[in-house]
């Protein structure tokens, strides 16, 4: 178990702040309703992550009621917020952190356009340069899995391991996204809904034009290396 | 008739506060325009409920202008707000309270995606895990019924009695939802629009993938028992 | 020409306030972008109406920059705001006021779902009880008419005279609505977009269920007479 | 190279203010998510333009962090904001300014309905009078072009030179718009999304009604000359 040194405590506090604040991006971009959706963030250099409590309204989320968990998904007893239950998707987040050591953030929503593709059960084809930039190709469909054991987490990890996409659409369920940190995973959640929407609209006109694979490769490689102020890029 | 003891008065005041405040959730989630839509809440341990006035803008709703009614839908004379008419759907709410004693809240909206299904006249099929969680299966269609007598109330009660769903789409009209209290019925109204939207989007891609009945049953039973901070779950 | 007595001046000021404020409802309900859309209101007991200036952003509209016009659409010289041009749709509004004496308000928008029906050129069928309540049947299509003479105004008047609907979809253009006053016309603009949206969504599922004519008649007659706090109902 | 006289400096400051402020219109009208989208404005009487920094959130944009560039797309060293990278689309903006001397503003977004048409690869047909007013006909599709050289800029210039439309949908990418200044280009970005949306909705009903070419010509000519408070009209 992780020893909570002053350095680790500082890291926990920073992740609590980030995770609590990032939930407002889910609201801003219309990805969630009521208490649905959740963001988590790994505590750097510790076997811990921070996640949203279950069934609490977005207006009431604060750093102090975020919940600190170990990598097997157990609440750290006595820590702030530990009187509440963590998100009902905690086991899936924990499974991802245990099995994908480079992942620093996980997000789950029921954003409506991504859910539409998840219910239809077909990957979102890569027909926009923004998709090529951000996801490097199609958004894959993960298996149908029921909450209650590790099958959701396993489906996420199996689908995304070695895949360029930071987003998976779990069949009949919705998107899970990963990132180098919580912010990066939230960005992926915002972008997956954006492309799910545009491509669905495009399908209403007819069959969208495919982008040739070499162009997709070129866009993805460039974007991961040079975009933005941060040269380290995102996870993938 | 109910005797207005200090305890009942306190309960009335609490329900007035809740019902007035909960209308803002209808606005927040885009379920209503202009003065359409209404929330009501039963006063616990009394044959009374509180409902929105008719034809008043959402910005002008306050606890004091909510209207107190008896279970036959008559305004309690002399109570605050009683100089106004109650919602034109009051008779339907009253019918539900008289005939479904466990119902503590009723909501009606013309939320656009749910109305689309109501006008088409087909139940929303259960193709997302969120629907299975929240409604335990499809959202049923109620009969076509005209305002002015008990036919809307009767249609709601006949459709929802013994049904897992807390939402019914009255044909060519729109959704009515019930709950253990007003908040729970509002949540159902938010969720029914959310699933109506996602499933309609999914139908634009093709035929959504059905979820096997045992998986629906398992999701519904789990969600009703363990989700959220409140172990008592919602009405159904 | 109207003599501007103190009573008329007071009425003008009231209509300026109303018309300026009501434009924010067009923004709130997503009916307009940029400077598009306009509301006007007749000055009671005077041959005058007040309308939005042309090409001014919604944030910059105030009672003082609304423009006072005579019923032939000319700006009243020297009145506040008269240094600006009135809405480019002023001639159409003026034509309606001249030819429909019971109309006290006119609204024009390019709200997206109503425009979709206008471009398709087919009336919105009456398949929801809210449409029956508010419009008494289908929303009619007006003729294709070009700005610059009285053809838009004439198209509106010819389509709506003797029609239950307070809204007309001018072909390839968009909705014009009328009302007993500016507020009532704004309500009709909000409602026509709402029904345009729901019925378009319903058409994506298949053919919506028609409502029998006697039920439409009954709903319309009831709603015009008893709904809301104001027993006088709206124009039609 | 431009000599930064006090007059030029004043012009730069004005354009910084405008460009920073105009980005909020992209947010207001739902044209952008996260850090996507960018506005630039030419500095009058100077071979310079001002553009958004790359990868910075909309809430954090200020006049001081806008980036000043020469017409070959290089950052002016030592100027405020020059410690950051300019938008990754800077080369395309620069190419337009070099090759279209009347253009004073350029905007790029991934607004969802315009992207849908871009991915489908078909021009938006002119089926509403608002399109005829604003764009004088259909919105054209530009070539598929990859970021990294001048091919995007060249595609924009080749498509829009001599075209009435101030908007081009770059294939599988999204809209670029031009204007006499940054505000005019932003207006075109708002309007192209508005028409992309209405026409896509209309296509869901069936085939929209075409507008005869003479009527399109008449509407376009009138609108460019007389609409709004500013008789000079917009660029085209």
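Think of it as A, B, C and D in the order they're written, each chain with its own count starting at 1.
Quick note on the criterion: a contact is a pair of C-beta atoms (placed from the backbone, for glycine too) under 8 Å apart; a residue touches a chain by one contact, two chains touch by 3 or more.
Note that this is a predicted model, so its numbers are computed, not measured.
K.L.:
If every step must land on a chain the current one touches, say how few steps get you from chain A to chain C.
P.N.:
Each step joins two touching chains, and the minimum needed here is 2.
K.L.:
Could you work out how far chain A has to rotate to sit on chain D, using CA atoms and steps of 5 degrees?
P.N.:
When the C-alpha atoms are superposed, chain A turns by 90 degrees onto chain D.
K.L.:
Starting from the mean Cα coordinates of chain C and chain D, work out the distance between those two points in Å.
P.N.:
Once rounded, the distance between the two centres reads 32 Å.
K.L.:
What is the distance in Å between the mean C-alpha positions of chain B and chain D?
P.N.:
46
K.L.:
Can you tell me which residues of chain B touch two or more of the remaining chains?
P.N.:
Touching at least two other chains: 204.
K.L.:
For this assembly, give the contact graph shape among line, ring, star, complete and other.
P.N.:
Here the contact pattern is a ring, one closed loop where every chain has two partners.
K.L.:
Along chain B, where are the residues that touch chain A in the complex?
P.N.:
Counting only chain B, the residues touching chain A are 29, 127-130, 187, 190-191, 194, 197-199, 201-202, 204-209, 211, 215, 218-219, 222, 226-230.
K.L.:
Which of the residues in chain B end up touching chain C in this complex?
P.N.:
33-36, 53-56, 84-85, 88, 110, 112-113, 115-122, 144, 146-148, 171-174, 200, 203-204
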